[in-house]
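Input: one structure, supplied below.
Here the chain labels run A, B, C and D in written order, and each chain numbers its own residues starting at 1.
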Amino acid sequence: MDLRYTDAEEAFRAELRAWLAEVVPTLGPRPALTDWPARRAYDTSWQGMLYDAGYAGIDWPVEGGGRGASPVEQLVYLEELERAHAPYVGVNFVGLLHAGPTIAVEGTPEQRARFLPPILKGEQVWCQGFSEPDAGSDLAALRTRAVRDGDEYVVTGSKIWTSHAEVADLCELLVRTGEEGSRHSGITWLAMEMDRPGIEIRPLETIGRSTEFAELFLDGVRVPVGNRVGEENDGWRVTMVTLSFERGTAFVGELLQSMEELRRIRSLARRVGLWDDPEVRHRTGQLGAELDALWALTRRNVSQAARTGVPGLGGSVFKLAFSELRQRLATLGLELLGSAGLAWDELEATDGSGPIGNTRLLEQWIGSFSRTIAAGTSQIQRNIVAERILGLPKG
Amino acid sequence: MDLRYTDAEEAFRAELRAWLAEVVPTLGPRPALTDWPARRAYDTSWQGMLYDAGYAGIDWPVEGGGRGASPVEQLVYLEELERAHAPYVGVNFVGLLHAGPTIAVEGTPEQRARFLPPILKGEQVWCQGFSEPDAGSDLAALRTRAVRDGDEYVVTGSKIWTSHAEVADLCELLVRTGEEGSRHSGITWLAMEMDRPGIEIRPLETIGRSTEFAELFLDGVRVPVGNRVGEENDGWRVTMVTLSFERGTAFVGELLQSMEELRRIRSLARRVGLWDDPEVRHRTGQLGAELDALWALTRRNVSQAARTGVPGLGGSVFKLAFSELRQRLATLGLELLGSAGLAWDELEATDGSGPIGNTRLLEQWIGSFSRTIAAGTSQIQRNIVAERILGLPKG
Amino acid sequence: MDFELSDDERSLADGMRRLCEGRFPMERVRAGEGRRALDTEGWSALAEAGVFSLRLADEEGGADLGTAAAAVVFEELGRALVPGPLAATHAAAGLVKGAATGDRPVGLLRRTPPVPGDPRPVLVGDLGSLGALLVVADDGVELVEPDAVGGAPVEGGLDPLTPLWRLEAVPRGTPVGDGPVAEALWRDFLVVEAAFLVGMAAVTSEMAVGYAKVRRQFDRPIGSFQAVKHMCADMLVRAETARAAVHAAAVTVDQPDVGDAVRAAHGAALLAAQAAEANARACIQVHGGMGFTWEVPAHLYLKRAIVLWRALGPATRLADVVAERF
Amino acid sequence: MDFELSDDERSLADGMRRLCEGRFPMERVRAGEGRRALDTEGWSALAEAGVFSLRLADEEGGADLGTAAAAVVFEELGRALVPGPLAATHAAAGLVKGAATGDRPVGLLRRTPPVPGDPRPVLVGDLGSLGALLVVADDGVELVEPDAVGGAPVEGGLDPLTPLWRLEAVPRGTPVGDGPVAEALWRDFLVVEAAFLVGMAAVTSEMAVGYAKVRRQFDRPIGSFQAVKHMCADMLVRAETARAAVHAAAVTVDQPDVGDAVRAAHGAALLAAQAAEANARACIQVHGGMGFTWEVPAHLYLKRAIVLWRALGPATRLADVVAERF
C-alpha cells in the first residue's frame, strides 16, 4: 500500500496546478443556478479551455480524442480542479461521462467522428433520456416506443429526470424496440437531436425549487437509424458498457467539498459559541473520521481500477456510506444554525464577522435528500452489495 | 381520554397494595438464577400465596378458576407487583399465560378440571415445546412428528428454546400430525407429561452463560390421546386463540423496570461525575421521553382491549419500539461504566458510597440482545405491522 | 382509566377533519405558498370553530374543554398543514385579550441569552399579522406590542407556508404572568404544537403507505419489498408512540395528579418533532425521485417540521428537562 | 499511488492467516475461555513469526517492515480472535527491551485524572503475565514494573478470553519517552488495535452472510429476504470503510507526508471499534436465537470489541481528536 504519488503523477499534478492557477482567476462569476442558457455558455466555454489545454476527456481513450489518463491521474485531475475551485463539469456531464464514452466504445467510426469532438470541445451538450415515470429503479421496464419507418425510428413516450434538457443539443435515449415485456432484451440506444419536432420539455421543480430536472414528452419524434449506437435491441448492453468506465472517481469532487463543508461547520460552531458543546465536537469528529475513511476508500477503488482495468463493486459500497453521511453532515449544519437555518437569504453575524453561511448550508441540506435516491436508491444499492458482492440469493 | 383510575380500580389497588405490603417482606431471598430447583420452589410457593389470597389467574375467566379481572385491573395488578418488588411470574409463566388460557378455552371439561387448578395453585409447572431448530420465525414448518397408535400419540423430534424444561411437569407441545408440508393445517396441540420415557433435556447456554433455555429431544414419547387439546390437525388455531388473551400487558413489568433502570443510570452518572456531560443528559432525556411514551402506549393498548375485548395490533408496535429502546438503554449504562463495565463482579465506588451496580447493568446489557429476537424478531414484527396494520402486500 | 378517545373527542376530531377538508384542502393551503400575511378568512373560520377558545370557560366564551380535546383538534390541523400561529394563539387564549376570538393572533418567543456572533433571532410567523407577541422567560411572561419590535420580514423562508421575521431587538413589555404562568403557558404551547406535529407524522406515514401500495416496480407494488415495508412499519411506530405521548401529556395537563405535566409536555414535544421530521424524510425516500419534487407535498411536511421544531427549542433542551424530572 | 495491498502484503496476510488457522483455530482459542495466564506456547509462536518485532530494523532483530504490514498482520490476528496483549506489545517493541521477542509481554494504560466515585481502573489483560506496564500520558511514557502495581484479578470479566485486573494504585515508573514518543506510541497502538478490530468486523460480517445463505425459513434462505440482505450489506459497508481507514492510517504512519497520522489513527480506531461492535450485534441478530447462545462465537466477537474499545478510550475522546485536527 502506497499513498505517495509517483514522480510522473506529481509532474502531471504540477503542470495542471500551474495551468489552473493561471486560468481560473480569469473566469467570470458563475451564472445563477436557474439561468440555464448562461450556465450552458459558462460550462461549455470552460470545456473549450480544457480542450485547448489538452485536459478534455481526461479519462477517454486517446483514440477517442481523450487524454487517456490513468485512473490515478484522473483522481489527481479531480483533486486539483477541486483545490483550485475550478468550474464543475456542469452541463457537459452526460456528454463527457456517459454518452461520449459509450459512443467511443460502441459507436461506428462515423459516429465517433461526428459526436465525440463536439463533446470534447464543448460545442455540443447532451442530456440523458433513460428513466421514465414508471421505470425508475426498474429501468428495464421502460416503455418509450421506437418503431422503425424506413431509415428512421419514430419515437413516442416520455422520459423523466432529464437534467438541463432545455439547453441540450442531443439526448442519449433508451427506447423499446422489442415486444412489450421484452425488458432488457428489447431496448435500443439512440442519439436524438433535441431540435427535432415532437419533443416537448417540461421543467420539474425540486424541493429546493431549482429546475434541475425536466420531463421529456416525445410524440412521433423521428430519429435517423444512423443515430443508433449498437445493434437494435442491444441497447441494454451498450449502456452497461459505459458503467465499466467508472473507476471509483464519480464522487471525488463531492467528497472533497464535503470535507470543506465540515471545516466550515466547525468554524461556524466556533463563531456561535457551540464548539464547547461536546456533542457538537463528537458529531464533527465522527463525520471527520468517516470522511477520511471514504477518502481512503476512494483511493482504494481507484487503485483497484488502475490494477484491473475494470471497476470494482466498491462504488456501491462507497455510495451507500457517502449518501447517508451527506445527510448527517447537512443535518448537523442545519441544527447548528438554529433558527438562522430557516432563512434562505444570507444572514450576517452580530459581531461584524460577516455572513454566517446559512444559505449554503440550507442548500446542502435540501440537496442531501436526493443523495439516497438519485443514481440508484440506497435500497437498490444494498441489493447490489448483497447480491453481487456477498453472493446472497435474489429474493 | 382519562388516565385516572375509577374508584373500583383504586379500591382494587389499595387492597392489593395492602396485601403485598404485608407478605412481600416475609419472603426469603431469591434463589440464584442458575439454581432451577430452588427457583421452582420459590416461584410456585409465591403462586400458592397468590392463589390463597385470590390473585391467581388474575386475567383468567372466573369459570376457569381465575379472578376474571378487567384489563385495567390487570394493569393495576402488574403495576403494584412491580412497585412492591414482588416476585416475577417465573416458572409459572407458560402455565399461567399460555397453556392455561388455551386449555380454559379449548379444553374439554375434564381437561380443564385436571390441568387448570394445579396451575393456579402453583402445583404444576409447564414449559413450551413450540420452536424447533428449523422452525423458528417460521413456526408452521415444525416437523416433530406424532403418530397415532391406539389411544396414544408416539412423538419423535426435537424442540428448542424451552425455558425451565428441567423443572417442568408438563409441556405444551405442537406436533405434526398432518402430512409433511401440511404447514398450518397439520399441527396438533398436546399436553405432554415431562416424566414420560424418551424425553431428553439438554440445557442451552446463553451468551450471558445462563441456562435459561433447553433443547428437548423426543424419541418415541407416548402421549395419551386424552391429552390432546382441540381436534387433531387443529393445533394452529388452538394456539392462536391464546394470543387473543394478550391485552397489551405483556411488557408492563419490564417497562416499569426499565424506568427504574434509567433512574439508576442517572444516579450512576451523577456519582461518577458524568452528569455534566450534555450528551449523557441528552441520551437520558431521550430514553426517558420514549419510556414515558411507551407507558402511554401501554395504557392505550390496555384501554383498547378493555373496550373491544380483543387485543389490538398495538402489541407489535410496542414490542418493536421497546426492544430497540432496551438495547439503547443498556448500551448507555454500559458506556457510562467505562472500564468498570467489563467486570461481572460488583465494584465499589472509591468514595465509599457503595456498590456502583455494574453487575446488574452488565446483565441488562447482555440480556438486551435477545429482545429483538425472542417472541418474534423485529424483522417479523415489522412484517406484522406492515401487513396486518398498514395493509401492505405480502412479498 | 380509559385512555381511548371518548366519543366526544372522536366527534370533535371528525368535525375538525371535515372543517379542514372543506376549508384547508391541500390545493388551497398550497395556494398560499410564499404569502406573508395571514389568510384572515381561514383564520376566522378556525376562531369560530373554537380552535383558540375551546379550553376557556363558558363564561369567557370558551367551550370548557380540556387540553386533551385541544390535542385532538391540533392533530387535525397538523394533518392539513394549516398555516398561522395556531399553537401560540391557542396557548395564550387565557392570557391575551382577543386571542380566544382570533382577533389578536399571538406570537410566542422564548427569551434566550444572546450568543456572540449569533445572528438576530428569527420569529416563526408574520410579525405584521400579530396582535401581540408574548415573550417567555423562566421567571415570567411579558406582552410586547408587535409595533414596538424592530425587524424585517425574511425574504424566502425554508417553509413556503410559514413567513419569518428577523427581529432587531425585542423590547421589554408588560408583565402578564409570573414564573408558574410562564411554565404553564410554555407547557401548553408544547403540547398543542406537539399534537400538530403528530398529525403531520401520521399523514406522511399514510402518504408513504398509500404510494407503496400503488407504485409498481419490478412487476410488484414497491410496498411488497421488505425494505419499503419495514420503512413504513417504522413510520407507524414513530407516529403512534409520539401520539400516545402527546395524548398522555395533554391528559396530564388536565389531570395533574396522574403525572408530571411539564416532563410529559417536553417529552411529547421531543418525540413529536422527531417523528414529524423522520417520517417526512422517509416519505420522501419511499416516493423516490417524485418525493424530491415540489409537486409532491412531502417536502412541505418536512420543512414545517423543521420550522416548528425551531420554535420549540433544540432537542437537547427538551431532553434535558425530561432527564432532570424523570 | 497504489493503495491496493502489495504482493508482499498479501503474502504476509496469507502467511499469517495460515499460522492462525494452524495455531489458533476457534476450538483452540475457545479452550482458553476463563484462563487467566497467557498461553505462552501460542505467544511464542507469534513472537517467532515476528508479530511484535516486524517493524524494527534488521539489526534490532526486526523485519524492517512498515506499519502497513503490521496492520495487515493484526487484521488476521483479529479475525482469529487471538488473545493476549498483542497490540500493546507490538507498539512497545522499540521502547521496551524484550517486547520484540515476546519475552516481556507489555501492558498499556493511559493515565487519566481520577474521577471521584469512579471505581479503580481496570487493566485489560493479565497483570501477572506482563513483563512491563507502560503508562502513557500526554507528556511522556513511563515504564512500571508489574510487581510494583497493587491490584487483584477480576473474577469473571465480560470477555471470557480476556483476563482483567483491578488496579489499586499505579506508582510512577521510569520515564522511557517524552511527549512525542508518547504520542507516537499511542498512535501506533491505536492503528494496530484498530486493524485487529477490523479483522473482527470482517469475520462477523462473513459469519452472518454464510448463515444467511444456508439457514432456511419460509422455504427460502433467510438471506433472500431484504431485511436480512440489507443488514448484511450494511455490515460489509462498515467493515470496508473501517478497513480503508485503518490501512490509510497505517500507511500515513509510514509516509508522514501524505497526511496527519494522529488524526488518521484516532479516526480509524473510532470506526473500527464501531464496526466491530455493530457487526457483532448484527451477526447475533442474523443468527436469531442461535446467535444468543454461547455455542455460536458471535458473542465472543461482541465482547472482545467492547473490551478492546475500553482500552482505546471512549468514542467521544477519539472523535474529539479528529474534530480538532480535521
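Everything that follows uses one rule, which is that a residue touches a chain if its C-beta (ideal position, glycine included) is under 8 Å from a C-beta of that chain, and two chains touch if they have at least 3 such contacts.
Since this is a predicted model, take the numbers as computed values, not measurements.
The chain with its C-alpha centre at the largest distance from the centre of chain C is D. Between the interfaces B-C and C-D, more contacting C-beta pairs are found at B-C. Between the Cα centres of chain B and chain D there is a gap of 39 Å. In whole angstrom, the spacing between the mean C-alpha positions of chain A and chain B is 53.
The mean-CA centres of chain C and chain D are about 49 angstrom from one another, to the nearest whole unit. Among the residues of chain C, those in touch with two or more other chains are 225-228, 230, 316. Multi-chain contact residues, meaning those touching two or more other chains, occur in chain A at positions 278-279, 282, 379, 382.
The part of chain B that touches chain A in the complex is made up of residues 277-279, 282.
Those residues of chain A lying in contact with chain C across their complex are 131, 134-138, 141, 160-161, 204-207, 209, 271-273, 279, 334-335, 338-345, 347-351, 353, 356, 358, 362, 369-370, 372-374, 377-379, 382. Those residues of chain A that touch chain D in the shared complex are 1-6, 9, 72, 75, 259, 262-263, 266, 278, 281-286, 288-297, 299-300, 302-304, 306-307, 314, 317, 320-321, 379, 381-383, 385-387, 389-395. Within the complex, the chain C residues that touch chain B are 1-6, 9, 68, 209, 212-213, 220-221, 223-226, 228-230, 232-234, 236-237, 240-242, 244-245, 247-248, 250-252, 255, 257-259, 263-264, 266-268, 270-271, 315-316, 318-324, 326. Residue ranges of chain C in contact with chain A, taken from their complex: 114-122, 124, 154-159, 164, 166, 216-219, 225, 227-228, 281, 284-285, 288-289, 291-295, 298-299, 302, 306-307, 310-311, 314, 316.
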